[in-house]
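See the structures that follow.
Next come two complexes, and both contain chain A; in the first it sits with chain B, in the second with chain C.
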Partner chain A sequence: MMPATLSLALPLALPLALLMTLPLAAINWHTLLFLLFAVVACACAVAVVLADNVVRMAFYLVLSLGATAGLFFLAGAEFLGAMQLMIYVGGTLVLLVFGVMLTAQSPFVAIKTSTGDRVLAGMVGAALLAVLLQSAFRVEAWQLPAVGAVTAPTATPLGMALLGVRVDAPAAGAPETAVRSGYLLPFEIVSVHLLVVLVGAAYLARAKRRRTPRAIDVAASSSSPPSSSSSGGVAATAREASSSSALVPGGRR
Partner chain B sequence: MADFLINTVGLPEWLAWTTTAVVAAVLILNVIAGGALVFIWAERKIAARIQDRLGPTRTGGRFGWLQSLADGIKLLAKEDLMPEGADGMLFRLAPYISFCASFCAFIALPFAFDFVGQRLNVGVFFVVAVLGLEVFGVILAGYASASKWSLFGAMREAAQVVSYEVPLGMCVVVPVMLAGSMDLVTIAEKQAGWVSSWYLFHDPFTFVIFWVYVTCAVASVNRAPFDLAEAESELVAGFHTEYSGLRWSFFFMAEYGSMFLVSALAALLFLGGWNGPIPVAHLLGLSDGTGDTAGYFVRLLGCGNLIVKASLGVLIMMWIRWSLPRLRIDQVMATCLKYCTPIAAAMFAGAMFWQLALPGGLVRGLSRPAGEVREGWLEGPGGLSVRPTKAVSTPAVPVALVDDPRSQTEAKSIVQVSP
Partner chain C sequence: MNHFPFVDGMQSAMGAVLAVGLIDSPVSVAHYLVVGAVLFTAGVVCMTVKRNALGVLMGIELVLNGANVNFVAFSSPYLRGEGAVSLGLDGQVIALFVILLAAAEAAVALAITLNFYNNHATVDIDRADDLKG
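What follows is the complex of A and B.
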């Protein structure tokens, strides 16, 4: 994408010979594109902080995250770049704009930052920058992929690693047939977390029924006779759990 | 192409790469813009025929085939209006954001084996991700217009697109699972051969999930019966109420570009891509090895094949649009959450078990042992066994996942271990 738009601006109408004489060949295109994306990302990130309007902030944030995705693509990390587009740029910001729409008439549309907030944010930002710069300068040699190089690795090792099999990096000193454990456990933990969040969101967003706590207790105890079978016990516990959790918002009201 | 320019023509490397990039970009731009011209004309003719009218008849002689161009000139000459109280910057930028999202998705879309702007090994994922960004331009347009109609349209659009991303993603995953790759080129290559090797006819589950995909695709590009964002009987014109002239036409180009895109994606994922129903080129004995004229002819044929399939998809969308009434917002949500998502999930599970029991499809799966098919995933460049002609031309050493020769044996052993 970026080489295309960039090169559209080039004077292609000029004779070829004239083009050859230009010092364009001396430019490291990879660095140039990197700088282009980096400048867009940084400038938009600053604009997010400085803008007053919430929707404009969201817009700048999309541009900043999109430029970051561009950096990933430039580095050959296509899966990561597409992930960035999908999750950050796509999902988060659509939801953010959604939230903004719901508060479109409220005083939060234009946000005025106080001086204290600015100082605080500046301090936090500076601390983060210091940490990042320190770790960036600790890397001894940055590698540059060649322009137009075909990236050899695919997303297959990633998928297999998530399934618990690492085929990409054999452990040092291990026998060659040994299989390193992948990311199956973290993956499962994260997915269970997400499931919990999903259930919680569905619970919070559902239509509230007005029932007295007394009635629920009676219903729960009468509908679940004490049973020794495991399935009945599980069902009763689930029902009790749901009814007791339903008490919380109702009780506050 | 860049290699050709460097080696044969003798251009310096940077110029060759930029020339290649310009050619690709201009070609994609022409596909979107030219396609929009043709499809708008086709839509008017189809709408007219369905409603028992004639449609445009005079412009350009017969059939009114120049009507879109005349409309385009009219749009160019229109005044560019902006409502008072609008957020000027966002209002001006929104159409271009929609258009850019549509354009970017085309970059990773292959038209034939080598005819692809940038071959990504996560092509499907990229296209779906970028397609979801188009909604952002619509939301910005709705917000920045400072109009209630626009805001309503944009909010409906946001709700709809976010919901339909879920079943759409599930539908897309099934061909990815069957092919063992997210590379669109590889997925289409895996369906080479007769019509029976298309993933549409791979097993009953893929057949069902294709129709779920069609539903979700129509919804995700905002076409009737899912065009709540611009419901003209309720919201004037929805999110583009306040737009006129060229900016309005950018929204239209983005819409028609996305229609073509999801149709081409359907063709690539389910309908064999550039492989025709009858492998004509293969029967004639033409190989598509790179470089020679015959191969170029084969790829040109495949490109035409894909474009015909995608255009058919767009025509079907028009047919649907002029046949079905618009759904209400609750019906749209019910279609997504109560029908599309569960069906897609069930079909995904079904296709998964089918792949475990009978990999390689109904016909071939019965005759090929399962282990052979699965081992094929790990061979060849890009982690997959590509076509046989390629295997002959490349050295006989299969390239495993990593260049490291140690891991090759390891990868093999894993495949044999896995059930």
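What follows is the complex of A and C.
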């Protein structure tokens, strides 16, 4: 009993003890929280790649996107962080989880990838990561420590910018003469796009009635004139109607 | 606190961490870019490796999210260094559009996946070779 309790308490106590050894004034809490969220986001993103079970992949993706929302909050984009939680984690991922539930038959829950593909993709990914990291550290202005300016709430400026009116202050360091336009037209385009896409998705994923024609319908359509065969095959799909008419020499053309 | 023997060792270890400057120095844009790069790379590898169609979709979400992290980092006045230029609110608006379009893309891709599953009774994208000549 005692060793079990100790082994449970030790992983919790060790970081706490590490923190207590620090002089508290030396800790930059913003940086500490950033490191926490960044490690969770990156580790869960890598776990999505490494996991084979699709349900676990979805769970790790939820954790990764939630930690990214925390990063948005820490960068002063609180409205965007809230939208990330509500639309991404609350909407898109629920949609994905529904897809997992609808398609997760037992042979498809874990589709293994061959080891050669894994190694090759790992090498390509490592090369891509090296290029990206090198370019991230190449620009001097991106490595300047943050000034830590107090940021204003962004919800009202974002809403006004989507209506075509800019009420936010010009971006710091930007030239004063820069043209600052609103986002009314992209907002309209995106809204119509979203509507069309959702109608299309509902059309694509609609429940099709794939009923095989009953024997009495087939008999009725083969014995009666072609006009009555259409009334018997209302629910049948077009392919079935054409195949059943092909059976009849004088069938519907 | 120093009655415990291991505290001294930990104190020196934390001193090393502090000397590196990982905890006590403020965050810069480059920190966010590293996170975005890792998310992007994980998404690309996920898209190429996974054979489950839903796994490929999750890779796409990771890629878009990595791009969003970069947009937010460039637009944040809080992270801006002395004398540097930030995107201002524009980056956040673009990130908002990316989130909305990712939602639309996920809806359509999921509908296509369900259609494929209804027709082929599998979600293995290696089986989607009907158009192969």
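By definition in this document, the second predicted complex is superposed on the first by the 130 of 253 C-alpha atoms of A that agree within 3 Å, B and C clash if a C-alpha of one lies under 4 Å from a C-alpha of the other, contacts with A are read in each partner's own complex, and residues count from 1 in each chain.
Here is the rule we go by: a residue touches a chain if its C-beta (ideal position, glycine included) is under 8 Å from a C-beta of that chain, and two chains touch if they have at least 3 such contacts.
Predicted model only: the values in this text are computed from it and were never measured.
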{"item": "Partner chain in contact with A:Phe79 - chain B first, chain C second, else both or neither", "value": "both"}
{"item": "Which of chain B and chain C A:Val62 touches, first, second, both or neither", "value": "first"}
{"item": "Contacts of A:His193 with chain B and chain C, given as first, second, both or neither", "value": "second"}
{"item": "Touched partner set for A:Val49, first chain B, second chain C, both or neither", "value": "second"}
{"item": "Chain B versus chain C as contact partner of A:Leu36, first or second or both or neither", "value": "neither"}
{"item": "Partner chain in contact with A:Pro157 - chain B first, chain C second, else both or neither", "value": "both"}
{"item": "Of chain C and chain B, partner touching more chain A residues", "value": "C"}
{"item": "Chain B/chain C common contact set on chain A", "value": "20, 27, 79, 83, 91, 93, 95, 98, 100, 147-148, 151, 154, 157, 168, 170"}
{"item": "Parts of chain B lying in touch with chain A, wherever the complex brings them together", "value": "2, 12-15, 17-19, 21-22, 24-25, 87, 89-90, 93, 104, 107, 118, 120-122, 125-126, 128-130, 132-133, 135-136, 139-140, 143-144, 151, 154-155, 158-159, 161-162, 165, 180-183, 377-378, 382-383, 401-403, 406-407, 409-411, 413-414, 418"}
{"item": "List of chain C residues in touch with chain A within their complex", "value": "1, 7, 10-11, 13-14, 18, 22-35, 37-46, 48-52, 54-55, 57-59, 61-62, 65, 68-69, 72-73, 75-90, 92-93, 95-97, 99-108, 110-115, 117-118, 122-124"}
{"item": "Complex contacts: residues of chain A adjacent to chain B", "value": "1, 3-8, 10, 12, 19-20, 24-25, 27, 29, 53, 55-56, 59, 62, 78-79, 81-83, 85-86, 89-91, 93-95, 97-98, 100-101, 104, 147-148, 151-157, 160, 165, 167-168, 170, 176-177, 179"}
{"item": "Chain A residues within the chain C interface of the complex", "value": "17-18, 20-22, 26-28, 30-32, 34-35, 38, 41-42, 45-46, 48-49, 54, 57-58, 61, 64-65, 68, 71-72, 74-77, 79-80, 83-84, 87-88, 91-93, 95-96, 98-100, 102-103, 108, 111-113, 117-118, 121-122, 124-125, 128-129, 132-133, 136-137, 141-149, 151, 154, 157-158, 161-162, 166, 168, 170-174, 183, 186, 190, 193-194, 197-198, 200-202, 204-205, 208"}
